[in-house]
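First the structure, which I've put down as structure tokens, then a few questions once you've had a look.
Here the chain labels run A, B, C and D in written order, and each chain numbers its own residues starting at 1.
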Amino acid sequence: TRIGWIGTGVMGLSMCGHVMRKGYATSVHNRTRHKAAPLVESGAGWADSPRQVAEQSDVVFTMLGFPQDVREVYFGRNGLLQAARPGIILVDMTTTEPSLAREIHQAAGEQGAFAVDAPVSGGDVGARNAALSIMLGGDREVVDAIRPILEAMGKNLVYLGPAGSGQHAKVCNQIVITGTMIGVCESLMYGFKAGLDLPTMLSSIKDGAAKCWTLDNLAPRILRRDFAPGFFVDHFIKDMGIALQEAARMGLSLPGLALTHQLYLAVKAQGHGKCGTQALILALEQMCGTVIQGKD
Amino acid sequence: TRIGWIGTGVMGLSMCGHVMRKGYATSVHNRTRHKAAPLVESGAGWADSPRQVAEQSDVVFTMLGFPQDVREVYFGRNGLLQAARPGIILVDMTTTEPSLAREIHQAAGEQGAFAVDAPVSGGDVGARNAALSIMLGGDREVVDAIRPILEAMGKNLVYLGPAGSGQHAKVCNQIVITGTMIGVCESLMYGFKAGLDLPTMLSSIKDGAAKCWTLDNLAPRILRRDFAPGFFVDHFIKDMGIALQEAARMGLSLPGLALTHQLYLAVKAQGHGKCGTQALILALEQMCGTVIQGKD
Amino acid sequence: TRIGWIGTGVMGLSMCGHVMRKGYATSVHNRTRHKAAPLVESGAGWADSPRQVAEQSDVVFTMLGFPQDVREVYFGRNGLLQAARPGIILVDMTTTEPSLAREIHQAAGEQGAFAVDAPVSGGDVGARNAALSIMLGGDREVVDAIRPILEAMGKNLVYLGPAGSGQHAKVCNQIVITGTMIGVCESLMYGFKAGLDLPTMLSSIKDGAAKCWTLDNLAPRILRRDFAPGFFVDHFIKDMGIALQEAARMGLSLPGLALTHQLYLAVKAQGHGKCGTQALILALEQMCGTVIQGKD
Amino acid sequence: TRIGWIGTGVMGLSMCGHVMRKGYATSVHNRTRHKAAPLVESGAGWADSPRQVAEQSDVVFTMLGFPQDVREVYFGRNGLLQAARPGIILVDMTTTEPSLAREIHQAAGEQGAFAVDAPVSGGDVGARNAALSIMLGGDREVVDAIRPILEAMGKNLVYLGPAGSGQHAKVCNQIVITGTMIGVCESLMYGFKAGLDLPTMLSSIKDGAAKCWTLDNLAPRILRRDFAPGFFVDHFIKDMGIALQEAARMGLSLPGLALTHQLYLAVKAQGHGKCGTQALILALEQMCGTVIQGKD
């Protein structure tokens, strides 16, 4: 099985590396060529366009940024679908719109090709450690066919249903996180104003019903004023926008998500779009005219 | 050390039992006498009033429902403070207002008595298993003096600071939970409408960044339509009300908490105040005109 | 000047009628032909497509439902732009996306044609009475050239700036209304639960700082349980969606608008999308488990 | 009929002056004596305490700041109820809690005295011009008995029902205003970011369905950066707090009010509690990292 890989950012680079270490012959392409250099040095072939990747591969993975990037790579003039022959499998691991996943699946199907949506969670750490959760949508037998390759990248591979279902599950994941983020950040604001020592406060609540990944992993970064991105505010806003658009289309009212989305838009408006999602605290600090402190 | 215990609801009963099993002589009082029966049968003495409890004890614990109950038990005509002699230690484990904790501490101090605020988290399961987290406020040496007794009930005993600090930490705990609750419930609404099998969806997200106690423990109950209370909606609304009132007083804007509070008021208005906090989903289902399903 | 008119719903029918009564020769087209019958009977010519309308007209007005309808009428296979010759003026009176207005303006310009965005406010009553407010975007001299025709339909014609500016002003209008709607509806809920006679309550507040069109015009309809549409919930949701999308794009956080949008999505989810905007009360009644009453 | 007047701030001073000009003999008291000087110079007698006011009057009016002030003036050691003999009428024109109005009514009744709640709307301008709206609660015949005096101060006198009903109507008034404020402020933010000339935008929407007192009166002040108080942010926050507390007690979920309350808490946290309510824009500007401009 010849592998194609498009999108070699922080996550994609790690993920493609894991696949290559399993011994698969791999072609890579990236908008900014030099970012793919480590893979090429490790033996991957360079392809000049998504189209050329498709021509040289049996299974193509894409790991991109925004839905419009995905659209361009699949449907563009030198896109994958220009060269998608019967039997090829196209796997989009970007977090993108469920409707776009269905559109790709349909377009691929009309050419006899297959498409799988396979967004991930676990962040850069999960990508590096091959410990991602992978949420899979598409035809079950196609998903089963690529499992051995996916297992090079992730641990928790779950098949969710027809095309777009992987993306829908990823939306579910992000919605939970909007809740844990607002809860943790408002809790820190309260604790600080109440005069508590924040590390002590955290130690008193972190093992009970308030326990969550965000509390364990991001609250300490906030206390260190470490806003380096595990996951970009800009990308989180994109994901929430997808969630709200799909929800509106499906006839759902999700007021909590809508509010958190607006607060993140404030974070971005204040210039922190390239920070990590823990930067939500910055918008609350602005609102409250208070900067929290709490050394470990 | 003679122990007094006031408040023998589901939690108080377990907690007092653990203390008695350590061998402490114990007097108990409860508004509804028969609920204290199991403790009396195990050897506790019955006291006719909080005042009488104080007369017979060196350390008194209270575990009540609402702030007005606490006020009555401490400041009422036959209340604890009527008989609080120098050296007695009064420990309120109810979740109540930080300002009330400070008021009790002050009033006790004027009589040479000591007061500690010691709200807990961990729910009925934690109480039963002596695995509660206990958040402690008051004078540090007083707190240290009662640690051996507290260790009969809980595992994670954290001293937060002067009177009221334990209550403030409990507020921090509850604020985080408002976030995880709204996140999990909105995620389930989305997943259901998107056509996902909800248990499968949960299995795909529960080990990543969305991981939280609510997802692990309450989402499955929601899928089983099990709304039995681990923690009452009515009590949660009380806690959120305390949080918002204190936050307003301290000059904080906490829009996420305020929104979730209103949604819980809807849950209560719709008749579910005696359900567990997972009943938040019922208000969202009403809004969306959709009842979710998803057996395990 | 030969006039073309596309879109003969409730509003379009009145508006086109006013123009014809000024003596302009007019061609009409509508997706559902029979809705245009009254105009044809009054002397308008029927055109089989937008393209044909363009071929027969000097100034074309469009008054449609959703942005995708506008897109089809302008850019579709038999759309206006297929036959837009130099000098023709295309005036879109639909409430639609500012970016779509700019896109039409650009496409028209490339053919030497002109485009104006001219959304209106005032509802069916304003359309019938030729008393609409018209918010105008595009080239100033083009707007000036069509003023005499616009004056047949409206009273308050305001030029806002380049293409899309009329649409932006309409968004501003809708945002204010989201506020007055939520304020009025929550006020009615409160007054009813507080035991006030609602018409009496309204008479006591309607001339002070709470004065607003919604209070004067829609509160009485709510008290009569009259949910007939002056303006559809479905269209209002569309407008709020446009507003939120543009706001996100421009880097704005508008939490009030986002919340009201979600509440209207609940109104729609509960089956009232074809009601008038005053149906917001229905979602609040659901949340509060209370139906308000208050005959005049 | 001898009049007593307590509370001579900006509003109370004008209102008491109107009553005196009708020829009523008047005793006045104010916490800060010198603020009552203009009335004393016009012939009012000075009283050293609320108690003394009651001793010298047949009808006493109170126009104070916060509920705790009202409580002190009525129930304090030298309060009105210490000297409230049978037949005296106590009229509280402060905006305060409906439950406090009922409490005063009950306490007065036990002494054979009468109490009326009579909050007003119309602001300092309405007070100066004797054009206030007055919302009346209490016993109907008592309200009727004091109408001639009230007519010296206001134009729209509406009887709402038993004690507390006037306060409830005032809450309804304030809830509507929270909506118009958030709507108008978010609309201005949008319009500015969209590049519109704001005065032109306002002229295009102000006569349609967006029409409201806030748009007419406060939007121009915002454009002039005039944040002088017509009505204090601090007092508005108090009123919203009362509204939310009563609503929670009555089993109502009012998410719009709750959100606006939080945004006003941000305004206050940022140091603008003594500004007028139009300062809501300042919190939105902070969130959006944008200061709007728009000279008239």
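Heads up, the rule we're going with is that a contact is a pair of C-beta atoms (placed from the backbone, for glycine too) under 8 Å apart; a residue touches a chain by one contact, two chains touch by 3 or more.
For clarity, every value in this text was computed on a predicted model and none was experimentally measured.
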item	value
For chain A and chain D, chains touching each	B, C
Rotation angle (°) superposing Cα atoms of chain B on chain C, nearest 5	180
Farthest chain (mean CA position) relative to chain C	B
Centroid spacing, where centroids are CA-atom means, of chain B and chain C in whole angstrom	52
Centroid spacing, where centroids are CA-atom means, of chain B and chain D in whole angstrom	38
Interchain centroid distance [CA atoms averaged], chain C/chain D, Å	37
Set of chain C residues in contact with two or more other chains	247, 251-255, 259, 263, 266, 269, 283, 287-290
Overall pattern in which the protein chains touch one another (line/ring/star/complete/other)	complete
Residues of chain D touching chain B in the complex	237, 241, 247-248, 251-255, 258-259, 261-263, 265-266, 268-269, 283
Of chain D, residues touching chain A in the complex	255, 259, 266, 269-271, 283, 286-290
Residues of chain A touching chain B in the complex	98, 121-123, 126, 133, 135, 156, 158-161, 165, 168-169, 171-184, 186-191, 193-197, 200-201, 203-205, 207-215, 217, 231, 243, 246-247, 250-257, 259-260, 263, 284, 287-290
